[in-house]
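Chain lettering (A, B and C) follows the sequence in which the chains are written, and residue indices restart at 1 in each chain.
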Amino acid sequence: MRDRADLVIVGGGVIGLSLAYHLARLGFSDVVVLEQGYLCFGASGRNGGGVRQQWSTEENVLLMKDAVRRYRRLSQECGYNIWFRQGGYLFLARDDASAATLEQNTKLQNRLGVPTRLISPAEARRIVPVLNLEGVRVCAYNPTDGVLFPFPVVWGMARIASDLGVEINTFTRVTNIDVRGRQIVKVVTDRGAIATRRVVNAAGAWSPQVARLAGVELPNKPYRHEILVSEPVKPFLDPLVSDLSNGTYFSQTMRGEICGGLSDPAEPSSMESGSSLRFLSRMSRSLMRLVPQLGSLKVLRQWAGYYDETPDGQPILGRVDAVDGFIQLNGFGGHGFMMAPAIGQLAAEWILRKAEHPIFSTCDLGRFARGEQRRETFSIG
Amino acid sequence: MATARRLDPLPNTPFQYGPKVDFTFEGKPFSGFAGEPLALSLLAGGVRVFGRSIKYHRPRAPMCLHAHCSSCLMRVNGRPNVRTCDTPCVAGLSVERQTGWPGAGFDLLRAIDVVYPEELRHHELFTSSSALSRMATPYVRRMSGAGELPSGPPPLAFPVERQSVRVVVIGAGPAGLSAARRLSQSGEKAVLFEADALAGGRLLDGATRIEGDGDSTGWQRWKAWSDPATLPGIELLCRMPVVAIYPGRPPTVVAVGEDRARIVQPQRVILCTGSYDQLPLFGNNDLPGVMTPRALDRMVLGHGVLPAEPVALVGDSDETLRLSARLLERGVALAGVVTRRRDGPLVGALQDKKVPLVFDREVARARGGRWIHELELSPQRQREPDRLLDCALCVAEAPAAPAFELGHHAGCRVFFGSQGGYRIAIDDTGRTSRDDIFAAGHCAGAADVTTAIRAGERAAATCLESLAHTP
Amino acid sequence: MPKTIVCRCEDVTEEDLKRAFERGFRDLESLRRFTGFGTGFCQGKSCLCHAARFLAAVKGGDDMVSDPPRTRPPLRPTPFAAFAGALPEADAGAEEKP
């Protein structure tokens, strides 16, 4: 392991690796990535691979437009096929409030060039004939959203970054971040120390723990999010379907499995990563309501990952006031994976001072003290 | 190649079945005996290839016959991916193969296996051009997946019975039955869950022998032990696999049957989940006609179904040698026995019967197109020539892998031992790292049925003792 | 050379394990994700021990694979309908009623 580096990235998930990948492609590779487990150990290896542009803020819609563009060419760039399939995202609204949200979002998305359409349940059934849409008032469908296979994204970015000179250390745990005065000087791991003046905290659910090592308190909280896959069957479902009434989402993977999860308002913040019967049961009920035939489809396995949630549903990006050289790239909730290629590029340009982007000043940690929180209202799915 | 036949039924096998019944296989009339595993009705009727593998479209046919593997899946009554070895044959079933193009028997996509003799790097397919990748995606998508969505009327949620009981025993094999007997003798009430259609586990194997206190065969012990009347206080539920134990105190045990589920939160759990039979690693070890010894045991000795002969047997254990002898007794032609065991009464008995024994060779590969027709044996010493052994069925033995998963998910410590695999860690008395969960038998590394029986009794005794200390 | 199949569900060969190891997938979880063994219909019942034994052999000892991959319920493929009623009505929330 190197004993010094210009920049150390804590977290070898998709956010950290996307940053390393984009930095390296911009010619900056004096970078060490530290990952506590194997690649894909955290949320990057446990998510459903959904990529959507249907968001409620201009910032996020534009960011995701860019991410989709990048994901479309990532397989060719990195030599691993990420099987990004743009089968669309179909949101279902059952009440007035959700219907109004979809309507408002669709207007914004259309203005920004995303071809989302508000459609009737009858039209939605033409897209997914097996859906039971009883009680659904209106749907929003964007055919250019999609799903991908998360693992090769992680492996591919890691492969190119390391080919270009970035050092990626797996099974390496950060035990301390040495700060002298206000300046970071060293990252200590269970495999040795690395002298550095810049550290990026891209540790996802572990970000608050990592920040604390440098004496910084983050407001992020980890929440368990559970997910499952079914046995594989022949294709019958093109888009990812998401029911806004309870946060259910499911799509069909390239292998033919139904992969999905749902939100649980009763889930407390914790680092619990086990699977629960409660989730399995709620998900089964919800799926059977949406596609009754799925009742006799078999569940293959369930597992859990983390959402790294911030108080306003927006990530924490950029500098912190108290410690120089400590850069945050965390708090992406359940959406880090879809945003990663765009965020990695922006952050790389920002770190290398090649370009400024307002997101690093509006989404910094200081916004909470300044009272400038802006809530993203569409964090489901 | 000999055609499939059924042996004359034996009166003393645990597997008794009903009258001949008719069903359809790919639209054509077919028959089997009511209650026998559907996979055996199909094999007895001459079906060889059950399906095709996902990537290389290699032919698949039953390998384990104990509902562990994925090699006998078919579409049954409109449901995809049904294990035919775990589905009883009943009148009126509609059975279809679901993989391969145009079909599983003759599959043009087998070409993939030939085009990629080394490896198909599925992670790197179509990465040269994004246009190509986007064009190929719908085709790749259509090729993946096994079978179509379930058809027919959508099911209702299974009724769930919640039960309050102090002890749950999981698995009614040698260890589980022995544990349940011990609990019953002490007046304890327990539920005994079994995945198979019959209790017994390895006691159902014709080749099983139990040593000590009056040697007996597995079937004799099964007869003595599986009668519910000998287990007062124990509720035995067959065809009711436990699919998960969720950790927590008490643990939540979820068992799911054909059309109902049961959830129990017991004070104590005794894991007797057994093990999964494995095949050794050799070339084309997935060829139809290559099976585990216990699969053949159940199919031929238990059910009297012989898809083809002669049979080659590969292995060193007493069970495999006894299986060879029992097959001979049943009039099954043996191609030979490949073993490193050179002496002892079991080997001597085979020699007396003029069974070809091959001592100093290992299996290099199986050969055949859609079904095995010979084994290529390589010498252990160089300079000796390879040798071919003609056969129409082959059983090959490998250490069974303990079924550690339920215990592992419940939070019990497991460890790896290269003989077999991961197993649940227990002390001499059957305690796991959780003070309310005990384990016994093959899931905790027991090497044979005799040991498993003793371990089951001991774990139950420890469990009873711990209950006595609980208010 | 004929293929030696380690995982019948996903068609993973012994050679695939070797090549994945050479490419840097050197722990069970990574090997499993890269080759796909243990992710099919049987969920590892006929391949995990082979893969673990392979890794123990190349890494030089059983203690190199002391932890199995995380166990993910259910133990065998089980219909959604089996779990739909697994929670008491009050816990499940009326909105998910099938």
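Quick note on the criterion: a residue touches a chain if its C-beta (ideal position, glycine included) is under 8 Å from a C-beta of that chain, and two chains touch if they have at least 3 such contacts.
Since we're looking at a predicted model, the values are computed, not measured.
Novice: What's the contact topology between the chains, one of line, ring, star, complete, other?
Specialist: Per interface graph, the chains form a complete graph.
Novice: Using mean Cα positions, find the chain sitting nearest the overall protein centre.
Specialist: Central chain: C.
Novice: Just give me the whole-number Å value for how far the CA centre of chain A lies from that of chain B.
Specialist: 40
Novice: Taking each chain's centre as the mean of its CA atoms, how far is chain B from chain C in angstrom?
Specialist: About 18 Å, centre to centre.
Novice: Could you tell me the distance, in whole angstrom, between the mean C-alpha positions of chain A and chain C?
Specialist: Comparing mean C-alpha positions, chain C is 24 Å from chain A.
Novice: Taking each residue of chain B in turn, which ones touch at least two of the other chains?
Specialist: Within chain B, residues 81, 122-123, 146, 155-157, 244, 246, 254, 263, 409 contact more than one other chain.
Novice: Could you list the positions in chain A whose residues touch two or more of the other chains?
Specialist: In chain A, residues 155, 231, 275, 277, 284-285, 288, 292, 294-298 touch at least two other chains, as defined above.
Novice: If I count partner chains per residue in chain C, which residues reach a count of at least 2?
Specialist: Within chain C, the residues that touch at least two other chains are 34, 41, 72-74, 77-79, 81-86, 98.
Novice: Which residues of chain C touch chain B once you look at their complex with the stated criterion?
Specialist: Going by the criterion above, the answer is residues 1-6, 8-11, 13-16, 19, 34, 36, 40-42, 45-46, 48-50, 52-53, 56, 62, 65-66, 68, 71-79, 81-86, 98.
Novice: Where on chain B is chain C touching in the complex?
Specialist: It comes out as residues 53-56, 58, 60, 63-64, 67-71, 73, 81, 113, 117-119, 122-123, 146, 155-160, 195, 241-244, 246, 254, 256, 261, 263, 276, 278-279, 281-286, 365, 399, 401, 403-406, 408-409, 414-418, 420-422.
Novice: Quick one: which bits of chain A touch chain B in the complex? Just the residue numbers, please.
Specialist: My answer: residues 72-73, 75-76, 78-81, 83, 85, 130, 152, 155, 231-236, 254-256, 274-277, 284-285, 288, 292-298.
Novice: Over in the complex, which chain C residues touch chain A? Could you list them?
Specialist: Residues in contact with chain A: 27, 29-30, 33-34, 41, 43, 70, 72-74, 77-87, 91-93, 95-98.
Novice: In the complex of these two chains, what residues of chain A are touching chain C?
Specialist: It comes out as residues 37-41, 45, 151, 155, 171, 230-231, 245-246, 248, 262, 275, 277-278, 280-289, 292, 294-303.
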